[in-house]
Amino acid sequence: MTLFRLIDLFGVSVFAVSGALRAREKQLDPVGFVTLGVVTATGGGVMRDAILGRVPPFVFQDELILGVAVAVSLLAFAVRLPHKGLEYFDAVGLGFYTAIAAQLAADRGLPPIPCVLVAVTAAVGGGVLREVLVNDLPYIFRGTLYATACILGAAVLLLARRLGAPDALAIGLASALTAGLRILAIRFNWSLPQAK
Amino acid sequence: MTLFRLIDLFGVSVFAVSGALRAREKQLDPVGFVTLGVVTATGGGVMRDAILGRVPPFVFQDELILGVAVAVSLLAFAVRLPHKGLEYFDAVGLGFYTAIAAQLAADRGLPPIPCVLVAVTAAVGGGVLREVLVNDLPYIFRGTLYATACILGAAVLLLARRLGAPDALAIGLASALTAGLRILAIRFNWSLPQAK
Amino acid sequence: MTLFRLIDLFGVSVFAVSGALRAREKQLDPVGFVTLGVVTATGGGVMRDAILGRVPPFVFQDELILGVAVAVSLLAFAVRLPHKGLEYFDAVGLGFYTAIAAQLAADRGLPPIPCVLVAVTAAVGGGVLREVLVNDLPYIFRGTLYATACILGAAVLLLARRLGAPDALAIGLASALTAGLRILAIRFNWSLPQAK
């Protein structure tokens, strides 16, 4: 199993837990847990693949990823998972998904601004969908520096590619920057201004 | 006109009525009735086709299905349709859509867990979209044994295929199981536990 | 730059402003402004392209359109844009998007009712997505003659094509009818009845 595969499974698990925790707040049944877990974990990737014309979307061809998302969601229904540090783990998944999606979009020949949009959509799309399903306002609109970290990470990936960096390095740099910025934002309560 | 075609038209009509009834509760205009009717009746199938790469989605190639969904929705605006027994009719449509989608996904070569996910998405996707459009929590999250019946039905279809059952038999069995389980759940108030 | 291109950029700008104004009402951050601006401006076109199998969707291949949508949204965060007359400008964009989408769907060989559905989806889809993202009821359901104008415009385009009208004439007629009807509806408070 490659390192990328391991990071992917880690990210899916963390995202699924964050969906399942939302299901607990809303007092849902196991179907609600699995739906929010799977949607949070895979929704962004499905949007990414739909935009890029990768059909069926990757997650529908990969039983392990989907199986892990389902299993983690059911586990989170059965027992109260500790969620201390979840935000930090989430930042790692966020960085990885941003970098991979920006890479795929650039490989597909998309121009820079669309590449960044695909990357942000892939990284935050699942979380936004989760909030839409439970009728809450996506928290990425509330000054969280969440999507912002993805935008900067995607830009770095494109820049590194332009400068001739090998793929693994570009992905590593972009992931680290996105995750790092997000972790700093959590740690020091950095936020964007909101309109009045 | 084949039996499958008749069941399909029946299912679309029932789903469109359930969308239109929601539009009446929300006191919408004819556009709202048609939107919720068409979205409920066809939303799941469109998601199914998007996942499987069937483009344009089937309903956009089939004037009769779409015309019936629009006509039923407008009729439901013009007169108060009786909705006694609607839940039972809905169960029949649910079973049929589950079985057909699981079959299409398996034909496309998807692994078992993704096949089940496609089937459930096709069966409940329209209803979930309807609730999202009117800002309510999808009731499939509320212990209704609705998606659960679809999961079991899709699993039975895959099992019957694996055992070499002819298509019509596999679809018949899976449809009947899904519909039957759902009807029993309505009749005897069966439900899943909700998290606290 | 062609006339069509100019109208397209004008329409995108107007739609982006209407998304950004919604972001101001909800007191969102710049990410919220850009998300609602871009979703309103491009969401309908992305749905249109997904239905018709145009991959990647047009807006992901066109940096100018996307760049304008982002820039307008950020500008609307930075300064309070005047929105007097916005509804009238919006009607012009609405007419244009309706006509173009109906044309594309007919070129793809779709039957009439699906063509009309694609056109309406393209024209109002972004606005509906915007309302879903901020958890409000899409106002197209509230008797506004908004989607209705699109339905009639799309029907006129198909009729003009059937009668052998050249493309530019058909698009001009359909755009003008949609926009004109919508403007009259605003001016004279025309509305559809709502169910009780």
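First chain written, first letter: the chains are A, B and C, and each begins at residue 1.
The rule is short, and it goes like this: contacts are C-beta pairs under 8 Å (C-beta built on N, C-alpha and C of every residue); 3 or more make two chains touch, one makes a residue touch a chain.
Quick caveat, the model's predicted, so the values are computed rather than measured.
Visitor: Look at both sides of the chain B and chain C contact and report whether the same residue positions are involved, with over half shared, or different ones.
Guide: Different: fewer than half of the residue numbers at the chain B-chain C interface appear in both copies.
Visitor: Write the angle of the rotation needed to overlay chain A on chain C, where the fit uses Cα atoms and the result is rounded to the nearest 5°.
Guide: Rounded to the nearest 5 degrees, it is 120.
Visitor: With centres defined as the mean C-alpha position, give me the chain B-chain C separation in Å.
Guide: Distance between chain centres: 29 Å.
Visitor: Chain B: which residues touch two or more other chains?
Guide: Within chain B, the residues that touch at least two other chains are 50, 132, 135.
Visitor: Quick one: which bits of chain B touch chain C in the complex? Just the residue numbers, please.
Guide: 23-24, 26-33, 35, 38, 46, 50, 55-57, 59-63, 66-67, 70, 77, 132-135
Visitor: In their shared complex, at which residues does chain A touch chain C?
Guide: Where chain A meets chain C, its residues are 50-53, 108, 110-114, 117-118, 128, 132, 135-138, 140-144, 146-148, 191-196.
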